[in-house]
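Chain naming follows the written order as A, B, C, D and E, and within any one chain the residues start at number 1.
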Amino acid sequence: MPPVAFFILSCLLFSLGGLAFIIKRDLITQFMAIEIMLNAANLALIAAAKFSGTLDAQIIVFFVITVAAAEAAVGLAIILLIYRQKKNIRSEEVNLLKG
Amino acid sequence: MSAYFWLIPFFPGLSTLILVIFGRWLPKKYVSFQAPFAVFLSFLFGLSSFLSLPSTAAHHGEEFLSKTLFAWIYAGSFQVDFTLWFDPLTAIMVLVVTGVGFIIHVYSIGYMADDRSYTRYFSLLNLFTFAMLILVMAKNLVLMFVGWEGVGLCSYLLIGFWFEKHAAANAGKKAFIVNRIGDAAFILGIFFIILNLKTASFPEINQAIAEASLSPGLATLIALLLFVGATGKSAQIPLYVWLPDAMEGPTPVSALIHAATMVTAGVYMVTRLNHLFTFAPLASEVVALIGALTAVYAGTIALTQNDIKRVLAYSTISQIGYMFLGCGVGAYAAGMFHLYTHAFFKSLLFLAAGSVMHALSGELDMRKMGGLKKYLPLTYPTFLIGAITIAGVPFFSGFFSKDAILTQCFARGNYFLWALGLLGAIITAFYMFRLIFLTFHGEERFSQEVRHHLHESPPIMTGPLVVLAFFSVVSGYVGLPVVFGKNLNWFERFLEPVIKSHEEHHLTLNTEWMLIVASVAVALTGIAIAYWLYLKSPALPHQLVARFPGVYRLLVNKYYVDEIYNAAFVQPLVKGSEAIYYNFDLPVIDGAVNGSGRLMNFGGKLLSLLQSGQVRDYALVFLLGVAIILGLVVF
Amino acid sequence: MNQLASLLPLLIIIAAGLIILIMEAFGRGGSRLPHAALAVVALIGGLIYSFSFFGKNAGYFSGAYVLDDVAILLFAIFSLAGILVVLLSVTAMVEHDFNRGEVFALLLFAVAGLMIMASSQDLVVIFLGLETLSISSYVLAGLKKQDQKSSEAAIKYFLLGSLASAFLVLGLAFIYLQAQSLSLNEITHLSSADLASPVFLVGLCLVLIGFGFKVALVPFHMWTPDVYQGAPTPITAFFSTGPKAAGFVVLLRIFWPILRSELSPSSFPLILWILSALTMIVGNLVALRQKNVKRLLAYSSIAHAGYLTVAILSRDARGLIFYLLAYLFMNIGAFAILVALSSKGQEFHELDDFNGLSLRAPWLAASMSLFLFSLAGFPPTAGFLAKFYVFSQAVKQGLTSLVIVAVLASLVSVYYYLRVIVHMYMVKETPAQVAVKGDNPLLLLIVFFCVYGVLYLGLFPRAIIGLLQKAISSLSLL
Amino acid sequence: MAIFLFFLLAALSLAAVAGMIFSRHQAYNALLLAVSFTALGGIFALLDAPFIAAVQIIIYAGAIMVLFIFVIMMINLREPMPPLKKKWVYGLGAILIMVILVELFLVLRSIPGKNFAATAALGSVRSLGQMLFTRYLYPFEITSILIVAAIVGSLYLARRKEKD
Amino acid sequence: MTFLPLAGAILLIFIPKERKDIHRLFALFVSLLTFALSLFVFSAFDASRPEAQLIEKGMWLGYGINYHVGVDGLSLLLVLLTTFLFPVAVLSGWHYIDQRVKEYHIFLLFLETGILGVFVSLNLFLFYVFWEVMLIPMYFLIGLWGGPRRIYATIKFVLFTMLGSLLMLVAIFVLYSYYYKATGTYSFEIADLNRMVLLPGVQTWLFLAFALAFAIKVPMFPFHTWLPDAHVEAPTAGSVILAAVLLKMGVYGFLRLAIPLFPEAVARFTPLLMVLSLIGIIYGGMMALIQKDVKSLVAYSSVSHMGLIMLALFSLNQEAIQGSIIQMVNHGLSTGALFLIVGILYERAHTRLIKDYGGVSRQMPVLAAFFLVCLLSSLGLPGLNGFVGEILCLFGVFQANKVMAYLAVTTVILAAAYLLWMYQRVMHGPIVHDYVRSFRDLNLREIVYLAPVVVLMFWVGIFPNFFLRNTDASVQLLLRRVEEHRKVFVLKDKAVQPAIILPADYSQEVKQAASAVFSSNLTPEVKEAK
């Protein structure tokens, strides 16, 4: 396996995640898209670890997963909050603040 | 006393100060005393200084009375002191100014007696005297310019004395602005002199010219610039237009400022700088030509005017033209001589006219006068003397002075100018007597009401008339022409130290006689025509008007010069300024400023559209940024 | 033990946060003043303690924790911001429905995150600090649970912040790929070939984007106005000062060595140049249109990020830190005034609400004017000197064109700052019922303190400048 | 074998994400996401990161996605989304993503094509644990604050009624 | 002295705002005290020394930023003018300013500090700080107590001025960094920077930035639009200060900074600047002619007058520069006084439109007299102050460029035209509007503040040397400096260095220094020439 394949996959996933963020229209799926992007980045890190033969990157991934978990907790709480107020989670309807 | 000659201008100056500051609380009687008295003091000092002057040219080259009061403006090469001096030329002017001035002050006490701004009037009159004295006593051009502008200011204020009348306010403004045009040129002339001669002081200028440190071309330019200033002040073509309007001022003012003194400042200036003008023959010729043309031109306008003061005003313009003619041909003494005699007879005429107005409750239109001879027993003869003098009837002062100019003209070969002078003389004689006849003779054309109030003026006014009439008659005898004997022209000899000597132009006695006869004839002809037209057959003028309507209209409308100036200069300036203001200043310059602000605002508006409130749009912008930044790195 | 001692400032703050949580858990509600007092004491204590390390410039945990003088100064900025915001929150929390002890805990955690960011030479630690900060911030933005705007601010902040985090992590991966390490110490000692490799550059770009988001550089600024407007005002004050300072210090730590002229990859100065110029221009132009003062200040804070980027670009640590300090006082001061203009869950932050403020509350209006003048960069305020230092250094580094853009942009900013003053002083009072808390002593104290700071920094900053000068010499040691 | 596995897992994860883009139901989305994450975990394992792979599957695909599904169930939206008005946004987004992708690919060209360094058992739990508690002790401790903050925050936000 | 008004302002803050009269009296007292101090400065000033005197110096921020103040011949008169006019300004708003009296006086005193600071600063940084500081109180003065369009006017004023000064700030930075590169030390001291000779190309840009700032302030021709607006809307005291002192700061900037720092660039741009000034003279005059509003008329007349001052300044000769300094004082007095008078009229009629007046002289003879004197002073009547400056300016211009002088002389005519026309329409003619009949003549307070101005007008007009002599030495030094600076370029052939520093006493040593620095770059011809 050439290492570049992993990076290509990572970039593809990252881009798809970005695309999903743009296309999806509910907050929760948009958040999921971000999780995809984070995972893509994780993949790149793991590949880099393998590439360089060092472990540090794996530890970083460990931290990133922790962070992702924490973010998920907070993010979902915020989405719940929004749902309680609006009774939906449509991204477009979160637009009180603009201009 | 003559050591304190420099105090001369400060008497009226101090008086002005007192009147301006405390005038409100001063009783009228006191004012009536103080103002003329100050001028009288100046006169006394002037007289004593005059008497102490070296009486002949023997002292030629010696310093005259001179006093530097303080260093005035010192900046780099521009170094001017506040210096007054007293040389023969100044002496004559000082005596005329204070002498005539005093008489007119006295006259004013009567004339202005009922005016509510009595104090203001006298303070201005004093101020004028002060400024005029500075003008004539200044030892350098810059200080002279102070007086020059000062008298202009007083002229402005006094013309607009009755500022509630639009005409008066307008006339004052016009006088000042027109004068300013001349002054602008005058300033440039001064600059040229200082720049090239490193001095503004008259003796030094003369010396520098004697050393020929000025190229003739430059000298001509300077002389012409200064002369433009003179045309403004002395109401010559093309800047004479303010003087007729200036008659809106009180009549004594017209007499003092617009006849006797201020308007002749130009002549004084040219004479003062006669070295320069002599050095610039071309400029002198221009001076002479303008003088002669003005003499005739203004006379023609005077022919048809019906306003008594305007006739006199045009007559003044015309007479000053004569003075310039004299100066222009090099006969500075003659020019000054005419200035000196003119001061008496013209102020006499004005004061007498004032007396007439006084009698007729302010009426100015000659067509509403007539037959006043019997009502004004003192005014009439004095007026008549004035008219005779100005017309050039022999043995009156005007005759001597005018004849001196014409003779000199002839003697220096300027036959054309001489002819113009003669033409002017005939016109002068005509319109003066037209004035006399229309005013004092013939049928009475004034209304009943006016007749009711008709009265001779009080002695405080007629007194000055008599004095001036006396001087009008005798003042010519200080400068008798050669035909009456050699060395009788004391006036000319007195001025010799001041005036650059040049080769004598001797005419044979016969020629001189012939010239005298010619001018006498001319004067008498003019009078005769006036007599014929206005007393013998009063219908004739109307027929003449009917025959030459175009000419008449041209003359009555003063050649339309005011209108032309208005259309050529004033309106374009105002309209142009408005056009620039509304089409350039507001929309372009101001518009650029406001426009850039609006542009910013518009940019903000566009950018704030991006801020739609949609997370997706924010992400798009985010991605756009990423794309661009990565692109910068990758490519 | 030494390491532990050096961590004490951080530990004090975290411990205080935990204690507050315990107090909240077992407390019986009511006033949260004790919580606030504890927070303030902790912040002050941490600050004082950290200063005992001043001049030592020691690194611990192999560069993961670096208590150099710059870090200590930044601690000072964060602590001051924290203290002021805690006090501001005390004045506003009851009326605005976030009267909870967690607020202080979260604030303290956020401050801890800031400190972690500012005191590290390791990108991993910096990332974790950033996330600590971010997570606390998302919650803080949404503190007003009944307020849709607040929740909206939270979700927007959260979504876009996570997006930026993703880019940041990807960037870390790329950097790691090239450098095999995320320690700045090692990165800066890379060969120039490594530094110039596209992988590394892209990684760096992505990191720049991640932090650029936090400090609100255009075009990663879009969240800023919405979040600033929606978040509770004291929290906004915090957002606009603390994270901005930390973000810039991180950028400084990353780019200070990289932008050394002989090593500088050619495209980086250009990128920073463009970002800086865009940030200044966009921030100021859009601010022109704002009718809400809070939002206006948000845009103004974007613009200020642009000026600060100039300092990054000219490697001017002194100017940067001075600017951050000055910005702290003037911005928190301005937000304190905004806090004063809100009551009972309502915020009176429209421009028209400011009409005639100078008559209703002359002192507040005068202070607000001072803050605005300082933000606009008028002497003799701190804002002027800050701009002065930054711009003069930039010119010295040959960034004249950028400085010209900057001054023109700040000219635009003068317009909208003055507009607020116009409303306070020159427009007649509208009859609307705008309550002003002009008598809250705590608030007045905060305002006074900020006024003092703005003037002190503007007039007699010699001591501070000396301190800064000493501190930045530590940067070159590492 | 490894190549086959890689392509399988890569295709699976990409397909799952693509499916998520086109799917309309949030619960499906979450499930697809879990699939994708699991596949990624497999790839991690391929890359000598067994511990991370395990963490990925347990925490990410397991715990986090459960959280997601839990929230989705709570919300339980039935009504479909109204159609999007600004369709061009998709296009723009796609173009931008493409541009970024191309840029990233261009960068990846410079990665040498050689194989990975052959280090056995790179990601053993033991070595990871050792590093975590020595070199990365400080960041590890930081995560604890992070988690506390997240817990406190989500509790605060998600709690329905205030105590007072 | 500079900070006395500021101290006063700070004290004022603590006086309760209900005590309006105390505020007024106190502000008056402080400004008078400042004036007295400046008189002391005037008397202690040694006219024969060209350099700055009565220096105070202290460290401030370090890095060349010092507190360094003093007066020399260029600034002395302006300082005096400023301190003289502030009590007048305080008095002029005595009753008219009835709202926010306290703030008004605070800002006024604050403004005085700013302006004095600009004039006495010998450190560029300090100069800039004061330059900007002064905007704040002025902003409030116009914005709070101004007319209906005051907000537009005041913002325009501030933004416009800042546009220039911010670019100048950039130029200051550049200058500062050049100095650092040339010497390795930091300095903002104007004296130090003056010793630096920059390459012509560098000078050009820096000069343009400085010139823009100053030209806007002056204001020169295309940058003048803020002036009428600001003047029209400002309260009387604001207009007075604005016209009388603020505009002078621009000229002073040229004199103090732009010309000595960038003589080569000045030489290059002189034609352009002179043409702009000339346009300003005529343009301002023409615009003034047709204004309908008295204040904007006077404002445009300022444009015209300042044009003359600038024209003279760029003639760069002794007469012209001394003339422009004295003319600044004159313009300050006359225009300031005109605004005072307009203010007096406005207080009575609450209108500034010319057509709303007419025949006022009859009701207010004392005012008419004062008005007239000020007017005459403004149009340069000999015997009053305006003449002295005008004639020196014109003469200087005349020396430098005759054609310019010919055109500039038209100002004499135009000024008479627009001022007298305005005077006529306002003061003369019959009384058209009935309310004019109810006008009361000047009260004692108004006379008290107008009279000193008028006395000073006469004083300057009659004894100008009393003031002029103080400027002589400094102007000579300035011109010599410019000359010496430019000499360097004669010796210089495309030097590599962007800047060199001349030794302190370079007038003697300039040649050695220049040859030492540039010896390697000298072309053979130049060497021979030496």
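One rule holds in what follows: contacts are C-beta pairs under 8 Å (C-beta built on N, C-alpha and C of every residue); 3 or more make two chains touch, one makes a residue touch a chain.
Everything numeric in this text was worked out from a predicted model, so none of it was measured.
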| item | value |
| --- | --- |
| Touching subunit A and also subunit E, the following chains | B, C |
| Geometric centre: closest chain by C-alpha means | E |
| Chain-chain pair with the highest tally of contacting C-beta pairs | A-D |
| Taking each chain's C-alpha mean as its centre, the one farthest from subunit E | D |
| Farthest-lying chain, centroid of Cα atoms versus that of subunit B | D |
| CA centroid of subunit B to CA centroid of subunit D, Å | 102 |
| Whole-Å separation of chain centres (CA-atom averages), subunit D against subunit E | 69 |
| For subunit B paired with subunit C, centre-to-centre distance based on mean C-alpha positions, whole Å | 78 |
| Centre distance in Å when subunit A and subunit C are each reduced to the mean of their C-alpha atoms | 26 |
| Touching two or more other chains - residue numbers and ranges from subunit B | 597, 608, 611, 613, 615-617, 619-620, 623-624, 626, 630, 633-634 |
| Subunit D: positions in contact with at least two other chains | 89, 93, 97, 100, 103-104, 106-108, 111, 135-136, 139, 143, 146, 149-150, 153-157 |
| Subunit A, residues touching no fewer than two other chains | 7, 14, 17-18, 21-22, 25, 30, 42, 47, 49, 51-52, 56, 59, 63, 67, 70-71, 74, 77-79, 81, 92, 94-99 |
| Interchain contacts, given as pairs of chains that touch | A-B, A-C, A-D, B-C, B-D, B-E, C-D, C-E |
| Interfacial residue positions of subunit E with respect to subunit C in the complex | 59-62, 125, 128-130, 132-133, 135-136, 139-140, 143-144, 150-151, 154-155, 158-159, 162-163, 166-167, 169-170, 172-174, 176-177, 180 |
| Subunit E-facing residues of subunit C, complex | 373, 378-380, 384-385, 388, 391-392, 394-396, 400, 403-404, 407-408, 410-411, 414-415, 418-419, 421-422, 425-427, 461-462, 465-466 |
| Residues on subunit D engaged by subunit C in the complex (per definition of touch) | 103-104, 106-108, 110-111, 135-139, 142-143, 145-146, 148-150, 152-157, 162-164 |
| Subunit B partner contacts - residues on subunit D that touch it in the complex | 89, 92-93, 96-97, 99-100, 103-104, 106-107 |
| Complex contacts: residues of subunit C adjacent to subunit D | 14, 17-18, 21, 29-30, 60-62, 64-65, 99-100, 102, 105-106, 109-110, 112-113, 116, 122, 124-125, 128-129, 131-132, 135-136, 138-139, 142-143, 145, 154, 174, 177, 197-199, 202 |
